[in-house]
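The same chain A turns up in both complexes below, where it pairs with chain B and then with chain C.
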Partner chain A sequence: MKKIAVLTMMAFCMAMMFSSLAFSARKTIIKIGINAPLTGDIPKVGEGTKYAAQMWLEDIEKAGGLEVGGKKYEVELVIEDNESKAESAVKANTKMITQDDVLAIVGPQSSKQAVPAGEVANKYKTVMISPWSTNPNTTLDRPYVFRGCFLDPFQGPVVANFITDEFGFTKAAVLYDVASDYPKGLAEVFKQAWEEKHGPGSVVAYESFTTKDTDFSSQLTKIVKSGAQVLFTPQYYNEVPLIVSQAKNLGWTGPIVGSDSWGSAETIELCGEACYGLFFSSHYAAAGAKGATKEFIDRYEATYGYIPDDVAALTWDALRLAQQAIQDAGELTGRIEKDREAVRKALAQIKDFDGITGQMTFTEEGDPIKCAVIVRINHQGEYEFYGSSCP
Partner chain B sequence: MEPLIESLNYILQNIINALQRGSFYAVISIGYSMVYGVLMLFNFAHGDIFMVGTYIGFGIATVFLAVLTGLVPPPVIFLATVVVTMFLASWIGVFVEVAGYRPLRQAPRASAAITGLMIGIIFETTILIMLGAKRLSFPPLMETVNYHIGGIYITNVKAMIIIISLLLMLALHAFIQKTKWGMAMRAMSYDFLAVPLMGVSINIIAPLTFAVGAGLASVAGILYGQAYPILDPYMGVLLGWKAFVAAILGGRGSIKGAALAGYLLGFIEIFVATVFPSTLRDFIAYSIILVILTFRPRGFFGMEHSTKLRL
Partner chain C sequence: MGILQKFKQMFSTVPMLGWFLGILTAVLIEYFWGYDYISYYLGLPKIPVLFGALIMLKEPVMIPGALAYDLIVYVIPVLAVAKLSCIVTNPGAALLEKLPLWLSAVIHLVCFYAILHLWAGINDYRVLVVKLTLVSIILTVSVNVINGYQGEFSCSHPGFMALGAYVSSILTLVLFTNDKIFGTALLPPALGPYLFPLVLVVGGAAAAIGSLAVAIPSFRTRGDYLAIISLAFMFIVKSAVENLNIIGGARGMGGQPDLAPLPIIFIWTMLCIWVIHNFVTSILGKALNTVRDDEAAAESMTVKTRKTKMTAFMFGAFWAGIAGGLFAHVLTYINPGMFSINRLAEILAMVYFGGLNSIVGSIVGAVSINVLGEALRPLELFKWIIIPLILIFVMIFRPYGLISFTEINAKKLLEAKHKRQQGVSP
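Presenting the complex of A and B:
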């Protein structure tokens, strides 16, 4: 009895395998998975992801499908909600890969979900592009996982280049929170990049404070005295206004430059006019955008009624990267494992991809080498696109 | 000659920085000392009373600026804000005494000592629930003017902070030395057992002491809002602890000591960061204080008897 049962099971399994193979061989649909936080802590991020993806799909449909190796394929989006939770993101990836047979996945956005979900994608050898995750572990030692944004420390050299090219300065000062990972890491990378450019000792003041400090007067007095021409401070919105106003009151007249941690709308709310005219590096800026970026922003605003944030822009780029990789793969065999492998190979080889958030080329780790956007806080208090700066 | 003047300016600039920072420590640490003088207990809610005082000041300043701008000159708005805030914040002090300390007056000292901590947390979370975690920006009550005098930068706000803090402390000194209430407070700190027998009720003097301390802290809060205009519900914690260190350093119960130690703390913090890498600032600053306390365990003006009697 038992033997028969086992045999039946095996036969059934074999039949299943063949039928699925036979089925996929005939397939002319390309499925792309979207893993987004549609509910949970950050539904706005999920919404931006979904809207950008729908806009992308519209374009594909308008063109009558995606052309790969001279053949048009219909594209279908599989949008899964990860509830902004790590477990749900893992589940969503597993489902999309094993049940929906997606060719590639875009998302999740936050590192909290992208790091564990990346594990799954890598295990099943499926390309995953996280548009927004900045944690190095998302892509680390995972050949199938890519991202659409730069890593935090990457901004150090970018800002150093920008200051050098824009102002021609050679002496810089740094003020950072020694008790917080992000500013500390960025300050170190900036110092290294600056001194590589301008020689040892060209960071003339390298001052720190600890989280919750509000008085930076002794550090800033030192900085003013050091003869620095520019001050780099990769701090958050609650410290930037204090640093800026105290620096000005102590006789600082040079520019003050920051990183994408300045990008919160609250910076300008709290800082007011004191911050007008200052610069920081970021992924993307809506005001003053040009070319394809502006087209995207205008179209998004016309369709959904508000200006897209960096998540939407990065998602758009991630989808277009996936599209390019699929097209570069040459032809699709219909055997999902083989096609996924081809897509991965093509994606890793993409050079100088022209995205709306900058030009990208992937490193071996799957992190893009791309130019950062330099944002200027203009005199209406808006974050305005000023230029892009490359490493 | 040139470098000499330059370094002299540098030192002078840092003295001004230290005076501003020290003013806050001084005014807030006085609150600890006053309560200690009367109740022989430290009011650990004082840092959070300062925080609540700052939020009250924020509310009053916002309202007054909206209603009175244009009608009266800015200094009047400033003064009105200070007076109204002081009055309202005093009641916070009274509340802490009546709700937190009075019921536990006969309780073991350790229980009474931690009520302040709990009240502090309650204040923090109340503000958090009411206003959310969003940082608020204290509106400027006057336009900042930056004076550049021979290589030194000083704003009118900085000068005002230093002067008003000094005036406050002088006023407090006069209150304690010259008025009947002040005399009662002094008497209580001499002997808290005998004085109530003379008809001076602890139930009046204790809340009064809390009220004066809270009023002072709230003015410090308004000034703080002018110098560091970002408010968050936990802003009083670190400042409160540092002011507490100053109160101990000055000698428990000594108002003069607390004020002087407050300024000293400001000077140590600023000048340590000036001489050494700023990463080592707190490490060196508080090591210095530890050494001072090792040699002067009762602080600068600590009284002999207080160590024998109580906590």
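Presenting the complex of A and C:
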């Protein structure tokens, strides 16, 4: 009995002694939450998000904090891993909002996580900006949820118009992942836009596969035989190289066009020369960029050793938007509910924000009006600006 | 070792009621003084949410503060109050012992829930973690019926869960909400909470009927075939939902009304544990165990093996459906990707970690995997190295799981603990 009591007391005293932070007062810190897929299916996306966020924090720290209403505040990032799972994204958001008292959240990137996580952010009246989610449901009827990119219903027609204007083709084929939210949605929008332009039946092959398939030869054989002139495949970086090389082996000679999901740095690394000369729509083009965009790319490459993909650029913009909104909010009261409300109001009012992925103004729904870029993969394996299309 | 023995002996006189009182004191201390005084003086930014695990891993500077907080708020009050209140709680427990066992159990459960509610209510993140943990408990206990008591290796649980989740979500969306796809609500939304149990049961029934698709073809054979067929079933359900655009396809289905608050989930979990406990200790449950050990011998001893296996399988699937329905209404969003191989791995990890053939084991497994998963969150990638490593060690040192082949003995658990003092040997 005595021994235990003594032991407990000793442990207690030790704990108190080493607690260097004891008796220090609480101060107002601006906390920004990052909800990113650091593990799971698409860790590269999570990495880009994290790196962009750390670069942003560096800038703020260099400036000695964020100035709001004439007072400088310390800024802290709360980076949470959502494991690329919906329930984990919900947990992460709930934790950041109720436990860490974040002022705004940037992320999650994929719609699969952004749709349920947006529900949480909206419930607790906290601003959430998803940089990369293109599903309309993410922001629909949620005044507190914003996004940093254009939507699928805009991107689909842009690609269809580009192919028509550039090559003059009339017959297209589509290959997409039926089990994944984003490719499926975009494939549908593209098909609709294409058939509107060239009449019903002009999408001569509309083939699907399931996530984690690696052999596309039966679908591609059908596509080659269908007489299509162009192949549209809105897939992620892990599938694009397989599709492109298998198509070439099966005798496909036409162009292959993709969407913004191609934009990862990994695509070209895995695909190599097979992808040179192909086109995709995206948020920004790294090669030949100017001004602030170039500055961002150079800095990112110098720090982390590779050219940032669109996720990193969009995250950067989302963080800058959040920063702008916090600064526009006037002053921070330290009462988190009130401050969050003020940030939301300020964010909704931002006009012609000059981001590195283009100018942005938010609609009522919290979706930005911005231009899409057509990128060509040039013969050095760089993503080169080819053209742009604005709404 | 000596200290541990002494420690055990010292607290052997504390009845369950005493522990409850101790925990209640701790929670009350946290509730009233946690934020304003204790965590403030220790330099913590807020009340540490999961006993300080998150903050300790994220900022090592905070480790002493968080440990001190745990000591002040939890360890010392719980032990002190539990020990000192023995004089009161032991007679109290003795008094409750005179009541019928079910009534005493219900009283204990109500006390337990009150404490849990108070503890979780301090932070909404805790509420969410507790909710998802309770759902996992239902899931794990139901898997244990098939993989433990029946001794088969079934992989279709995520499929059953998906059936339950989708059927109940469709019902609540059709009946109680104005949805884009299903039109206006057929019933007033105010009826939702009252009819929700019915909706869940329908979801569970759908899962049970779906389980026949696995049971009928596979139970004619033995062993590995069930694993293969059930795995196929899981993928069939997933692919079917992905291709059904009316229920959202791969985009998933959202907007379910929030009909699953903490008390509802708690009641369902307790109901599940009670029903499954009675099931596995009934004659049918014993028959199930004989089928597991030796099917031919059981058959010759007049056990209807086929019927027994089917019943148990459908029963397990039913509870998985219920868990799925609750899960869908906690997250208010589901997509088919959630009910895939990842979920299966999680479920199997929980059941084999906790222990086969034991409800206590299942509870321990579900709680520990869930809490570990949350507590190690700041480690990011390393979390996925640590948890599997723990699993491997459990499998090496305790091949049947932490607590296997033991049943809940409610009477022994709740009884007063002063008998030893009177010299009556147990």
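We adopt the following convention: the second predicted complex is superposed on the first by the 225 of 391 C-alpha atoms of A that agree within 3 Å, B and C clash if a C-alpha of one lies under 4 Å from a C-alpha of the other, contacts with A are read in each partner's own complex, and residues count from 1 in each chain.
FYI, a contact is a pair of C-beta atoms (placed from the backbone, for glycine too) under 8 Å apart; a residue touches a chain by one contact, two chains touch by 3 or more.
Source: prediction; values computed, not measured.
Asker: Considering only touches as defined above, state whether A:Val178 meets chain B (first), chain C (second), both or neither.
Answerer: A:Val178: touches chain B and chain C.
Asker: After the superposition on A, what does A:Lys225 contact: first (chain B), second (chain C), both or neither?
Answerer: In the superposition, A:Lys225 touches chain B alone.
Asker: Which partner, once the models are overlaid, touches more of chain A's residues, chain C or chain B?
Answerer: C
Asker: Look at A:Gly355 in the shared chain and tell me whether it touches chain B only, chain C only, both, or neither; answer first, second, both or neither.
Answerer: Neither partner.
Asker: Taking the superposition on A as described, I'd like to know which of chain B and chain C A:Gly366 touches: first, second, both or neither.
Answerer: A:Gly366: touches no partner chain.
Asker: Once the structures are superposed on A, label A:Val90 by its partner contacts, choosing first (chain B), second (chain C), both or neither.
Answerer: second
Asker: Once the structures are superposed on A, label A:Leu38 by its partner contacts, choosing first (chain B), second (chain C), both or neither.
Answerer: The answer is second: A:Leu38 touches chain C but not chain B.
Asker: Is A:Thr210 contacted by the first partner chain B, the second partner chain C, both or neither?
Answerer: both
Asker: Could you tell me if A:Asn137 is touching chain B, chain C, both of them or neither one (first, second, both, neither)?
Answerer: Only chain C is touched by A:Asn137; chain B is not.
Asker: Let me test your reading of the model: by the given contact rule, A:Asp101 touches which partner, first (chain B), second (chain C), both or neither?
Answerer: second
Asker: Under the contact rule defined above, give the chain A residues that sit at the interface with chain B and also at the interface with chain C.
Answerer: The answer is residues 178, 210 of chain A.
Asker: So in the complex, which bits of chain A are touching chain C?
Answerer: Result: residues 1, 3-4, 7-8, 11-12, 14-24, 26, 38-39, 80-81, 85-87, 90-92, 94-95, 97-101, 111-112, 115-116, 119, 124, 135, 137, 178-181, 184-185, 210-211 of chain A touch chain C.
Asker: Under the touch definition given earlier, write down the residues of chain A that touch chain B in their complex.
Answerer: Residues 178, 207-210, 212-215, 217-219, 221-222, 225, 237-238, 241-242, 245, 248-251, 266, 269-270, 272 of chain A touch chain B in their complex.
Asker: Which positions of chain B touch chain A when the two form their complex?
Answerer: Interface residues on the chain B side: 6, 10, 13-14, 17-18, 20-21, 134-135, 137, 144, 146, 148, 153, 155, 157-158, 227-230, 232, 234-235, 237-238, 269-271, 273-274, 277-279, 281-282.
Asker: Chain A touches which residues of chain C in the complex?
Answerer: 3, 6-7, 10, 40-46, 49, 54, 61-62, 64-65, 67-68, 71-72, 75-76, 123-125, 128-129, 132, 238-239, 242-243, 249-252, 254, 331-333, 335-338, 342, 374, 377, 380-381, 383-384
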